[in-house]
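Below is one structure, written out as structure tokens; comments come after it.
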Amino acid sequence: MLNLFLLQSLNGIQFGILLFLVAAGLTLIFGVMDLINLAHGVLYMIGAYLTAAFAAMTGSFAYGILIALPATLAIGIALEVLVFRRLYDRSHLDQVLATFGLILILNETVKIIWGSAPLSVPMPEAFSGSIQLMGNLRYPTFRILIIAAGLATALGLYFMVNHTRLGMLLRAGATHGAMVSALGVNIRRLFMIVFGLGAMLAGFAGGMVAPILSVDPGMGDSILILTFVVIVIGGVGSVRGAFVAAILVGLVDTLGRSFGPMLLRNLLDPAAAAQMGRTLAPMLVYILMAAVLYLRPTGLFPMGGGTR
Amino acid sequence: MSEAATPSLGPVSSSVIDAPHVRPPLLAQSAPWLIFGLFAAVPLLALATGDSFILVVATRMLIFALAALSLNLIMGYGALVSFGHAAYIGIGAYAVGILSSYGINDLLLQIAAALAASGLFALVTGYLSLRTSGVYFIMITLAFGQMAFFFMVSLSAFGGDDGISLSGRSTLFGADLLRSNLVLFYGVLGVLAAAFLLMRMLVASRFGRVLRGTRDNPTRMRAIGFSPFSFQLTAYVIAGMIAALAGVLLANQVQFVSPAYMTWARSGELIVMVVLGGMGTLLGPIIGATVFILLEDVLAHFSEHWKLGLGLILVLVVLGSRDGMSGLARRLRGGSDV
Amino acid sequence: MLKVEGLQNAYGQSRILFGINFEVRAGEVVTLLGRNGMGKTTTINSIFGLLPPKGGKVFVDGLNMTGKPPHAIAQQGLGLVPEGRQIFPTLSVEENLVATRRADRRAPKWTLESIYRMFPRLKERRRNMGNQLSGGEQQMLAVGRALMTNPRLIVLDEATEGLSPLMREEIWTCLRSIKSEGEAILVIDKNVDVLARFADRHVVIEKGRVVWSGDSAGLVDNPDIKNRYLHV
Amino acid sequence: MSDVLLKVEGLRKNFGALKVTDNVDLAVEAGEIHALIGPNGAGKTTLIHQLSGNLKSDFGKIFFDGRDISPLSMQNRVHLGLARSFQITSILDGFSVLENVAMAVQARSGSSFRFFRNASREDDINAQASAALARVQLADRAHRRAGSLSHGEKRQLEIAIALATGARLLLLDEPLAGTGHEESAVLVDLMRSLRGSHTLVLIEHDMDAVFSLADHVSVLVYGRVIASGEPAAVRAHPDVRAAYLGEEEIA
Amino acid sequence: QDKAQDKKVKIGLIYTLSGPSALLGEQSRDAFLLAAEKLGNKFGGLDAEIIIQDDEQKPDIGVSKAQQLVERDQVDFVVGPIFSNVLNAIVKPVTASGAFLISTNAGTSNLAGKDCNANLFVTSYQNDQMHEVSGKYAETQGYKRVVLIAPNYQAGKDALAGFKHSYKGEAAQELYVPLGQLDFSAELAQIAADAPDAVYAFLPGGMGVNFVKQYRQAGLEATPFLSAFTVDETTLPAQQDAALGFMAGSNWAPDLDTPEARAFTTAYEAKYKRVPATYAVQAYDAAMLIDAALKKTGGNLEDKDALRQAMKTAEFTSPRGQFALGDNHFPIQDFYLTKVVKRADGQFATSYVETIFDDYKDNYASECKM
């Protein structure tokens, strides 16, 4: 029982890490450029498709993802130059409209290129096994790799945003972009870098999950909403918030699904508990979000509140 | 510490909204007549072309125009972007579906139930949601919308995900009037026109003025003695109830009710309709819904990759203009966009 | 070092500037005077490329910078203290100062230490976020932030607005010391009397046109100008 | 002119370890212009926030017209007759000048949960709003878009809005900031014309204005009132000179 | 006969062709068009006009598109859709207009039973049947404890009910997951902890892909995997090796040993470069059904009763083997156990293992009063 709990917690953390990888870029773009990018999920999908394509070409997952990273970076920058650049000073709703349009365009383009059948990305040999953790607890190596990659990314980003000039400029640009440039900083290039970076992070997440999740044209949409949930719980623009929220969402979702019915059974008769558990399971993350926002209307780590 | 606590995440930049005291040009004054007149003439077109399907599409446009109109009340005049508005369409539709599965087919009873249920849902969720603002409001309304969606999906008693097939359209005082598509069409048109007039009054009324003021500068409104919360909550409830009315009509047109009416994607489409048409204008959402459904219908004829085209059009509309199509139209007429 | 020729600009349909001409030579202190709404801020924004000019030219050190992006213009050695301060609210005081810091020389004149020496108040508040400062503290920070780019010409748009008399005096002292270091200053302020005491030349703007320019003596000797255009 | 309209006792506000207002006592008499001066960051704006109900105080009591209003919300304080302007102009840019004021009149004349009648055609509201505009000399601007006013005019509008709330006490936070000499003069005249009929608490860094207007001056330094009294006395106070006025005033 | 020459038959296809499930609709549409091509675009001698619509997997859009087909285009037959909720929504508008609706995938219990409809024909199956196959197999294998997993929606509940209909052992756990769930690690951990004799999964589309990929990684490779709609030719391209050896109940396998099956599979693969799934066969048979019926009526579309009778008794040989329509217009057919294999050409496909049900009729037919 305890073992199962530990294992499920690990699963929750891993799911959270995945959400964090996608959410990190989104929250940066949101926080810095004040841009609501609904198309962020599509970038995640593109990362997965490119990884699949390059992995098939080179016969190696590692090469696949290594080539896919600069490729999504390039795509992100191209999109920034073509579309997003024109959206920064627009209202959020204009951004919603335009990026909704982009979702349609990119989803359809992916379908035209790769078809609507899901693609396969084979699990890299070296990580296909599982590791003995403690007692009889085994955990898939690849998932540990995801956790490690996510943690490394989180640390790197946290350091970048809070302790580097680039990070300061990002935060400064978020509120007074024109002022930053009047002080001699090329804000356009700065935004382009952030956007490319965000796209690459999403692409990285897509590539990393390709071996364990379905690579299909709908994958971006299904993660998008969860990603938004994460960044809003965390407090928009806060990388630290996104991290905490992602782990929280991962844990609540996973543990709630596996132990929720068990807990309910103590309160209700088994049939009602099962029914109730099933009804509540998909709502858990939303209940979590509503509760967090009710208590803290600007998320767990609101931007600019208090010293960091 | 500075008072410049302007909510930078407030979704509506006030520059989007026309100054209310600016007298609308003649074209804008006659536009409602023009639009409602054109719709009223649709059955003639259907008759002339012998294509009765035109009526079906037109009815659908009107129903979504009603839903978009209601969303615009909170979004365009209250800066409250709800990403869960489709839930109210669903509630309205289920009011019809559930009552009719108990043999209650009277339209007025169904409407009463829809309004009561949606009003209550809006009151509770609005009360909780209005603590937040900006993106946070967007997402908390999404959360409640998703809860409503998942609740209906797992509600086996009423078909769950498979939905409920209605035995027929609702009756009015025992008469099966709505069975005719023509009657339904004019009925829906009448409801939309009434809602339009109601909105027009509402927005200009004391209540509407406070709502608009709150949209632009809540701190200022508080400083002159208003408590924005109750006004926003009232608007939220009204918007939810009108959307539920749209749901009642949708259920009647389609004669089928399912949780698919309540997905977040639907809520997103409603937002797109409002923004596409031009937010914070009364006709904008009606135009936006019409165009959106027309595009869906027309583009799908050309290619299976029609969504590519729809996406391109949306992106170009935004890049080409600031306030959706109404802004685009203004620009084409040669006005300034700034 | 800065030369403005026939500068024109407009917001949408409404024209604001109708051909502004003036120049600031190296090491010189020049003021832009004029009543509210006459186009002083618009002139500054046009120079910095924040509002691209609709006509005329801007030269920095003889280089035509018209139509260049703001960062390129600033990098030529121009530092801005904007109207309304524009402090970065989500950065701490210290981060506000270092984020856009620039130093071309090896031993830059303006460093965190020297700024803190000039504004001890900022040092006390250095961990505060920008949006937790009082109005006056924000103003000091804006001046400090511009100095941290070690400009050769610093432009101050109403830099003493909202400051206490003591603080205002300190800003003037600071400007005098900046001047004595050989930096050029372009300043907008409503304290004409103080400006007349240490500025070299004055440019008076009325409805988007330069209606008078000359040295301090000329301004003091010419009460008519002050009455007509400045309502002092 | 001797009954105290606003009385503040032991008011405190801390931000973390920072004592922003520190045991402030203040008495403002009805009909006077009471200037509040002090160095930047002394806590003046914070004090206004506390008085108007924007910020909750940590300690202390506020009496308005003899009544303890500390627990009341901002809206309720407005209803009692306490209004404020903002250090940074805060008006409804998208509305007409008249509507900006009419909104404030509406706030105190009956319920605003009226859904059907066109509010901009309510004559008695508009009449009261026009009266307030006339009082601040903005009558000819009534139908302009508020956002298009000049800076000084916006300041005048803010005062008109405050008047229209039916306020007896106006809390004005740097109304002269950013205004030119000409506009300053208009605003100073305006404030002078309110003396007697209204009570003003005025924060200003413009000493010419302060000393020409104020009946009473209080000086706030590091959150504490270090001096309070007749303008001339305060002006001569050595601590005030050292902490605030500096040499400029001597010159 | 020459009257029939200048007459046309109009057929409307309504499938999900956009969104994440577009592949299923494409499989069906392609197969129908393949059949039309094979028939030289003549159905029972009549030239055919085929109109294709996308229901976007939304019931109300489905209704709108269906109404467009019957009202504007005045089609004689509507063929489709993929999803049950869309089917439920369009049955009425289509059949009320007098057109025939041929459902090529969805087959809900109400339409097989109490709500059966004279103008509705089904070439697929009744939903429960596919699940009963695995249940029966689990029963005959003597599995004592089976964990069942399905999404928490109507079809998911029906699926597990279907499985339990023919499996009498213990359902160790019934796991319902939220629709569209991405990560199954929690459920897989629970299954591993439970160590059942077998797992039965109904997780269509992307959910199935994710589940299968994660199944082995969770160390469950030794536990037999039974399923329906979870490993088929639409998901296998993504699952590949991860699904090898997994079993599924079906009414079709591309390697069925009949001349029709071989011909169909070869032609489909040659034209569309992918292996046909059951969605394809069922749509193909809809075309064959129309063709056979019209042949019987001599191309007469006006006499609806005759046409209905002709459809009911139409004879053609389906690639899937035995096929006939019952009184409720649902098929009576064989059901197979299939298993995922890697073919010689490197493609993954399901492969026939054994016939579980012979000429199997659904359990609701008796409730149909028609």
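Read from first to last, the chains carry the letters A, B, C, D and E; within each, the first residue is number 1.
The working rule: a contact is a pair of C-beta atoms (placed from the backbone, for glycine too) under 8 Å apart; a residue touches a chain by one contact, two chains touch by 3 or more.
Remember, it's a predicted structure, so these values are computed and weren't measured experimentally.
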Required minimum of steps from chain D to chain E, each step between chains that touch: 2
Farthest chain relative to chain A (centres taken as mean CA coordinates): D
Approximate Å spacing (C-alpha centroids) for the pair chain B, chain C: 50
Between chain D and chain B, distance of the C-alpha-averaged centres to the nearest whole Å: 42
Euclidean distance of C-alpha centroids - chain C vs chain D, Å: 30
Rounded Å distance between chain A and chain E, as computed from the means of their C-alpha atoms: 35
Sites on chain A at which at least two other chains make contact: 111, 175, 221, 278-279, 282
For chain C, residues contacting two or more additional chains: 131-135
Residue numbers of chain E (touch at least two other chains): 152, 178-179
Residue ranges of chain B touching chain A (in the complex, touch as defined): 8-9, 11-13, 16, 75, 81, 128-129, 131-133, 135-136, 139-140, 142-144, 146-147, 150-151, 153-154, 264-265, 268, 271-272, 275-276, 279, 305, 307-308, 310-315, 317-319, 322, 324
List of chain C residues in touch with chain D within their complex: 35-37, 121, 125, 132-137, 139-140, 158, 161-169, 190, 230-232
Chain E contact footprint on chain A (complex, rising order): 4, 7-8, 11-12, 14-15, 18, 111, 115-120, 122-123, 128, 130, 138, 140, 142-143, 211-219, 221-223, 254-255, 257-258, 274, 278-279, 281-282
Parts of chain E lying in touch with chain A, wherever the complex brings them together: 19-23, 26, 152, 174, 176-183, 185-187, 189-190, 193, 205-207, 209-210, 213-214, 217-219, 234-235, 237-242, 274
Chain A residues touching chain B - in the complex, by the definition given at the top: 30, 34, 36, 38, 83, 86-87, 90-94, 96-98, 100-109, 111-112, 175, 221, 225, 228-229, 232, 236, 275, 278-279, 282-283, 286-287, 289-290, 293-294, 297-299
